[in-house]
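One structure, pasted below without further comment.
Order of writing sets the labels: A, B, C and D. Residues in every chain begin at 1.
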Amino acid sequence: MEQNIRYEKPVISIIKRLRKFRKDPKEAALPEKLFEKCNGCGSLISKNKIVENFFTCPECNYHFNITSKDRMDMLLDGYRIINRPFKFTNPIDFPTYKAKYRENKKKSGLKEGILTVEGYLNDIKLIVVSLDNRFFMGSMGSYIGEEITKAFEHAGERDLPILIFSTSGGARMQEGIFSLMQMAKTSIAVDRYGETKNLYISCMTHPTTGGVTASFASLGDIILAEPGALIGFAGARVIKETIKGELPENFQRAEFLKEKGFLDEIVHRKDMREYIYKLLKLHGYRGCKK
Amino acid sequence: MEQNIRYEKPVISIIKRLRKFRKDPKEAALPEKLFEKCNGCGSLISKNKIVENFFTCPECNYHFNITSKDRMDMLLDGYRIINRPFKFTNPIDFPTYKAKYRENKKKSGLKEGILTVEGYLNDIKLIVVSLDNRFFMGSMGSYIGEEITKAFEHAGERDLPILIFSTSGGARMQEGIFSLMQMAKTSIAVDRYGETKNLYISCMTHPTTGGVTASFASLGDIILAEPGALIGFAGARVIKETIKGELPENFQRAEFLKEKGFLDEIVHRKDMREYIYKLLKLHGYRGCKK
Amino acid sequence: MIRELEEKIKRLEEQEKDSEILRIKRKEITEKYEKKFKPYDRVQLARHRERPKVKDFIENIIEEPMFFHGDRLFSDDKSIIGGIGYLDDIPITFVGTNKGNTLEENVQCNFGMPKPEGYRKALRLMKQAEKFNRPIITFIDTPGAYPGVDAEERGQGEAIARNISEMGRLKVPIISVFTGEGGSGGALALSVANKIIMMENSIFSILSPEGFATILWKDGTRCKEATEVMKLMAKELYDYNIVDRVVEEDISFSLEGFRDNFIRLKKVIIEELQMLMIKNSKELIIERQEKYRRIGGGF
Amino acid sequence: MIRELEEKIKRLEEQEKDSEILRIKRKEITEKYEKKFKPYDRVQLARHRERPKVKDFIENIIEEPMFFHGDRLFSDDKSIIGGIGYLDDIPITFVGTNKGNTLEENVQCNFGMPKPEGYRKALRLMKQAEKFNRPIITFIDTPGAYPGVDAEERGQGEAIARNISEMGRLKVPIISVFTGEGGSGGALALSVANKIIMMENSIFSILSPEGFATILWKDGTRCKEATEVMKLMAKELYDYNIVDRVVEEDISFSLEGFRDNFIRLKKVIIEELQMLMIKNSKELIIERQEKYRRIGGGF
């Protein structure tokens, strides 16, 4: 019954692709240690092998957590970052926010949990956004909401398709109601973008929960997910407490959501580039022009 | 939680109302026999009592099968019939259709199973259609499909609200594919009428099944049903055979359908007139003008 | 403190038969306590068992309400009620989250926590309002969307997201009223509006204070502490420009005692509605969308 | 008779290696039998276990098909497949009822009998086609909508009615292809089209012959007799102006043997599509609606 993904042209070596974007070409996907234990099957696998396999386990297809930069490097042939400059704000004057922010920044090396680029996938120009769960678990504060919104506006104005990889713990607690309102802002942005009749592909990656699931991520024209990704609105712990019982097998996993009718397709990370390209072409994007 | 239907003005005596439309004022709801056994609770009830109770059982609220004419007489303050003249056609030259038609005509005294009127409910002018299951079980042949469609066109052109009481066994087998196509014709008629922004109230009465459930009857802006009405697409017998098991209690009854989200309200026949009037007024129909 | 206040007011209501004197005395008590209210007190008032529920608000503000049912897809979620009625002669569509007044009703209404079918029912009614060019008034009193297996299975996230984005482009005026508790995306899914009105003792927050404390401090019992940093009170949200109007409340624990509150609220809704009804649908949509566009911007 | 024909053709396919000779001989057999076909033989051919199924039609006619899933409400009904692909370089949306080829697939696809979620999935994909201005090709091979408790609970009637009326006003060209069995409202729910194309050995009827016999004569075994009065053959429906094109078939019981049939069908679809694509959306809608408006009129 299901999708048989066949592609004519061979996939460019992921190492080669990553190398292209690294300052020092030798340090592509540079392994800190040589082996990594797979969270999926427990195997010890050489880090090079994992990288070659697009940061997935060759044994069990476990998809390792990746940075938004690796995401872009793997996917695109070239890109420029278009995020606006970030400046820290504390909209509800939350006591510990600033300290927490510094901590996250230091830990992740990021200023915020979002990366927006304008780039090329083969000959097609598009906007790609990736959340990054190393920073505040990818939670949607005002900056992220604003950047998502601007990405849609940018894409709409230029008649470009947009692709968003989400991964998020949901709302940013420290921004209170302002974080909640980003759900409205971004969902409305999707709708306005839709009026330009351009294509919005949402790809949900592990984990996508709360306010991100309940806003832009669920509103894609095409909704994809990576295998095994946890996707849901309420947290599993809260649900367990509420129902006072066990959760079904595979609950809130990508495979479960597809069964339940909320995903168009589950796409392995190593097939993503070709899958997206095929989709874009079928929607009339070609040679940098619609 | 539920609707509390309260009305200011007293309901005009149903006998009085029916009498108004009868040639011989004495023969209002004329009882052939004095008592009737209720199909619902088995009680023996005086026929006059049943009529006074709007053809429902005062003991158990069982809704007796009524003719389309009684329906109009009960509901409206005055009306004119606007059905086009009927002429028998046999679109797929079905061998026994003509004979069967004659039989139904003789048995029911009707030419076809539909009555369309333009009438008044208090001061509001509206189109009312009622199917009549005494004739071919109210099955939707070409004439019925055409008359339903014309009723929508008539109402749309005149900016009038429309109310349809359906009761039907579904498609008219003897008209084959032509009967099936009436589902498309009538459903499209609903949609085109909808563009005039007038109100279509669908009221499902016992029984409404098959192609009528799967076309115009399920497309009302407001969908009502009489208590206990059987409403469904597939027949209970077929379903039983398919699933090889018992059917749930109340299956395909109005109460079940409301629970499942397919009915706005279940309205007792004696409240129908007031309920519809309230609905019409709230939709801006007033004093014969929108 | 709320229990003390509750006892005081109830005693007053038992003793005092003259309704004018009762009103004045109740106001006095209200004002005295008002100054001492901490956010947690507001939370307790918003959630109070005997506070009028959304159905009471509807029946006391909307004339001749007719309630409709079902999402036309799966079920009739009783935690969402909605229908049509008159607001001062204007036909309007109302939709709200209802908690119910008795324990039996609470259970039936799932304590005001909608499932996806509830949000879809709300959207169906709102789209019908659009078709017939009726303004929409939503009433919110919900701890949030129901966190259950079945709700997740049927796409709680999708249902909320869909409501939010569709409400953004409805062609008719939308006014949202927070009557009690307004928790998380489950409240937002009914409150993407041209104007947001909050009762003085209603709250609106990113999450329930318990959930907030659990997430931030892994300790749901630090709920009271959470309320103090969350900024969930009507007046705080008004100062942030998230909320457009706050309706002053006489504190009461009975329908009777809420009469003046209802009258005040009704007046405010009508005021706001009249201003919206002179705008065309394009203006309504742009204003509504721009309002949300601005929140948390400025980078 | 069909079994005899099946054996003859299978023997031929085993013996004959030269594909050109095979083709000619198959055509000869086809033509010889063709004259003797009774409606019931067509029914047997339409339902034949080894007749290519909708998925085969799609994969042999549409280039680079991408299949999408889910109704975004309740489930992914596997009896409905759909997605996007190219038809001779034109991006199109395809949707169809699939029966599956193996018994395992049959079960998974519920023998091609959709539930409400299947029709809603189809509608979702068709509305997306409208958004992106893609023509829609639907493929039909279904005994009808699934008659089950769960299907009724989730509004089988509503789902079919909704599809029919919404298909009536989609702004893009719609072509429906009957590949095998087309039974009842379940088939109509995917075939409200600008042009209807039937394979020569497909059928389209108000109900399955078994159901028809049961209803009329209370005897499902009089199925063969029913077929003789039902007028369910492609050519009969063409004569009634219900169907716009009938595609000649070489009879075969293999994908390989269907090659020429696929080629002919593809040619016909493209011809019809090109004629539709020069029309604007208003013309497309009016033509489609008027077409159904006329059927069974004239009173």
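Criterion: contacts are C-beta pairs under 8 Å (C-beta built on N, C-alpha and C of every residue); 3 or more make two chains touch, one makes a residue touch a chain.
These numbers come from a predicted model, not from an experiment.
The set of chains in contact with chain B as well as chain D comprises C.
Comparing chain pairs A-D and A-C by the number of C-beta pairs in contact, the larger count belongs to A-C. Centroids built from CA atoms put chain C at 39 Å from chain B. Centre to centre, using the average C-alpha position, chain A and chain C are separated by 34 Å.
For the pair chain A and chain B, the distance between C-alpha centroids works out to 54 Å. Looking at chain B, one finds that residues 260-262 touch two or more other chains. Multi-chain contact residues, meaning those touching two or more other chains, occur in chain D at positions 72-74, 154-155, 158. Chain pairs that touch one another are A-C, A-D, B-C, B-D, C-D. Those residues of chain D that touch chain B in the complex are listed here as 145-149, 151-158, 160-162, 164-166, 168-169, 184-185, 188-189, 192, 204-207, 211-212, 215-216, 229-232, 237, 240, 242, 289, 292-293, 295-299. Interface residues of chain D, counted against chain A in their complex, comprise 55, 64, 66-78, 81, 84-86, 91, 98, 100, 105, 108-109, 117, 121, 128, 131-133. Touching chain D in their complex are the following residues of chain C: 72-74, 116, 120, 154-155, 158. Contacts from chain B toward chain C in the complex involve residues 1-3, 194, 197, 199, 221-222, 258-265, 278-279, 282-284.
Those residues of chain B whose C-beta lies close enough to touch chain D in the complex are 84-87, 89, 91-92, 94-95, 141-143, 145-147, 149, 171, 173-185, 187-192, 210-211, 213-219, 231-235, 238-239, 242-243, 247-248, 251-252, 260-262.
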